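One structure, as structure tokens, below. Some questions next.
All chains are identified by letter, namely A, B and C, in their written order; residue positions are counted from 1 within each chain.
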Amino acid sequence: MKSTENKIIHPLENAGVPEDQRHLYCDASPRPYPALNKYVERFLNWARANSLWILGYGTGCGAIELRPLLTSRFDISQYGMNPRPTPRQSSVFIIGGYLSVKTLKRVIRSYEQMQNPKFVVGLGSCTVNGGMYWDSYNTVNRLDYYLPVDVYVAGCMPRPEAIIAGFEKLKSTIMAGQAEGANEYAERFDWYKSNQKKIIKDWDMPDYNW
Amino acid sequence: MDRSKFPEIVDGKSQYDLDSGRFVKIWNGPQHPGVTGNMALEVVISGDEVVDLKTHVGYLHRGFEKLMEQRLYIQNFPLVCRICVPEPDTNEYLYAAAVEELSGLEVPERAQWLRTLTLEMSRLASFIMWLGGQAGSFGMGTVGQWAVAVRDYVLDLFEAITGGRIYHMYITPGGVRDILPEGFDADLEDVLKKVEKFMHDAEIVLFHNAVFKKRTKGLGIITPDMIDPYGILGPNARAAGSTRDVRKDSPYAVYDKLEFNVIVGSDSDAYDRARCRFQEMQQSIELIRQIMEIMPRKGSFYNRPPNVLHWQIPPGETYVKAESTRGEYGYYVVSDGSNKPRRVYVKGPSYTHAVALFEQMAVGTNYADLPGLMVSLHTYPPEIER
Amino acid sequence: MNSLIKRLKMQFDVEEQTQRSNLSFINATALQLPALLTHLRDYEKYTQLIFLTAVDRIEDNQFQLTYMLADESSQNNIGVRVRIDRENAVMTSIAHLWHHARTYQQELREMFGIDFPGSPGVNDNFILEGWEEIPPMRRDFDTREYSEKTYFPRPGRSTTHPRTAMKAVDPDYPELPLMKGRVK
């Protein structure tokens, strides 16, 4: 995947527009945050990995397995995870399966509102390659073309144990300092935006909703 | 109360002017914990009171009906259960029944009993999930925690029969995939006892709770003359005095051999709907026990259709229906004689409840009661957009 | 059910086809449809509209609309079938008969491109958002081609003909001539 593969449609909504015609929203694109001192970063990663807060947005049928996961049977709180109602407070975005174009638009908005560092878990086969809905006209096939994905959990649908295993994998990735999704999103912002704009035909929101 | 400050309501629609500054428009969802499933509500409020509401659906549209036209009849069998996540068996049954009717495939007696068993079990699981949601939407998270845990025991039973927790892919055209595993009866009885204990607790904690009573009594009243013009089905209609139940009216599978009464309410508010559903849960448990008692334990459970890869179904069209937890579920299948269906239309009961009815009912309710009202209609978005 | 069909035939120009003892289909013309539905609703006690949907009969260049009604006791169903022209598809709205018919008509407008003038909010988006192609449920819309063109398919998906796959595991698998409407 190189950023030169796809033609960039246009960078930011406000770019090149005279001062008086600009939209009222901020048009700064995201910027990557370089790693700090090695030891500080290691400590921060340890802290991040042990308090993952999940955004409570059930985007697909995978959300039904999140309920047993969050409640007493599988009890995800024992791993330091917790559902949060708003993107501003959360660090993990679980894409619960297939994404229709209409949902993808909301997902992008929610994802961009989350604060760095943020992680995306793709749940179910349909986030990997479209799964059952690979030839559907309304669901995306590859999630990683629109958002940077850290961990995929395959299956239709994945059992709660599989999701826990996925989170364990995510934790070890964060500990190792390799879960750099937010920075990747900032670095390849134009590529992600051009992919997103290719399928979201009525783009009526700011390019970057932080 | 002085109603002069609220807008006039004409034909169920409020006449308001957003520019006057007295009304606030709020987008509620799709990323919102108070909305069931992935749908959005566009609410206009004045103070605490909902003045206007518009439902936005389509976030879960996967184009099932188009996909089914692209696939062979047997390839659609694992696809249909994904339309309704909490209660997939109804979809599997209906698709199988429609294909069997069009192709003239007979189903063995034992398979019909096994089908009825899984249908009732999935009804029970879906009702338990609803009970947790209804309590949670009024701030009683404890019942929600219990409910999800208890539902998991039912899912374990499904796993024992079918191998899948959520999607079972069990009821296939021609019969069912497998018979019950050994020792299943004892496990089932064990789980039913747990569910009964949970229901006993929930009855005390929820239905005798003053807060729950106060907030649900008089909330979202469906009058009997609204039932037909709004297409209200299932427990929502039965709580308003209707006696329609597909299981009784046009019995499918083996429901004509089981003894049960249609549960009818009278008050038709959210509390009464909850009561009706609660009684239907008890009825489901009873039915499962009846089935286990008189179910034949011997005989074939699957009639093999002709080579499914080349299976062509004679031209024709049919409509089959079954009672899900939310009301009448229907499949309309059109065949043109080829090996792929010409058209499959899935009629989910939430279609009418969540859009036309909810938009009308929400006007005048308290904003804080909106999630509770929504859960009390037991809507489920993927049925609407499919 | 039979007596109902007889009574209907006296008043309307309809053909009927019985599928089961409690399900019949009747073919009507688009012009007499509102009168027929009103008659069924008000005099024959078919008070419930279960659904309204369309079937694309592309070979006849027509759309078939199916209005499924159920009687008061919910025991009998009757499906009213109407054929309309595929080009410039327009149909009379029945939103005044049932409130929820509006949603069905909105969906048909979006998924099939059938217009229902006068139905409230019929031109609003219902399911899709920013759709620019032909309505997706039409038979001539190829969902697979659209998906491959738009959604970056992940390489590696392969399709094997069922017979080849069966041959691999079972050398005695018969060389059946493929029937009409073959598996691609």
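Everything that follows uses one rule, which is that contacts are C-beta pairs under 8 Å (C-beta built on N, C-alpha and C of every residue); 3 or more make two chains touch, one makes a residue touch a chain.
The structure displayed is predicted, hence computed values, not measured ones.
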| field | Innermost chain by mean C-alpha position | value | B
| field | Chain pair whose interface holds the most contacting C-beta pairs | value | B-C
| field | Approximate Å spacing (C-alpha centroids) for the pair subunit A, subunit C | value | 38
| Where the CA atoms of subunit A average out and where those of subunit B average out, how many Å apart are those spots? | 31
| message | Centroid of subunit B to centroid of subunit C, CA atoms only: how many Å? | response | 23
| message | Two-or-more-chain contact residues of subunit B, please, as numbers and ranges. | response | 58, 61, 63, 66-67, 70
| query | So which stretches of subunit A touch two or more other chains? | reply | 102, 135-139
| remark: Check: subunit C positions touching at least 2 other chains come out as 127-129, 136, 141, 143-144
| note | The subunit B residues in contact with subunit A across the complex are 30-33, 37-38, 58-63, 66-67, 70, 78-79, 82, 85-86, 129, 144-146, 148-149, 151-152, 155, 165-167, 382
| field | subunit B residues touching subunit C - in the complex, by the definition given at the top | value | 57-58, 61, 63, 65-67, 69-70, 72, 101, 228-231, 244-246, 249-250, 307, 309-310, 312, 316-319, 321, 328, 330, 332, 334, 337-340, 342-343, 345, 347, 351-352, 355-357, 360, 385
| message | If we count contacts the way the header does, which residues on subunit C are in touch with subunit A in the complex? | response | 127-133, 136, 141, 143-144, 146-148, 150-154, 156-157
| field | Residue numbers on subunit C that touch subunit B, as the complex places them | value | 19-20, 22-23, 25, 47-51, 53, 55-56, 66, 68, 73-75, 77, 79, 98-100, 102-103, 125-129, 136-137, 139, 141, 143-144, 162-163, 176, 178-183
| field | Residue ranges of subunit A in contact with subunit B within the complex | value | 55-61, 63-65, 67-68, 71-73, 83, 85, 87, 98, 100, 102-103, 106, 110, 132-133, 135-139, 156-157, 159
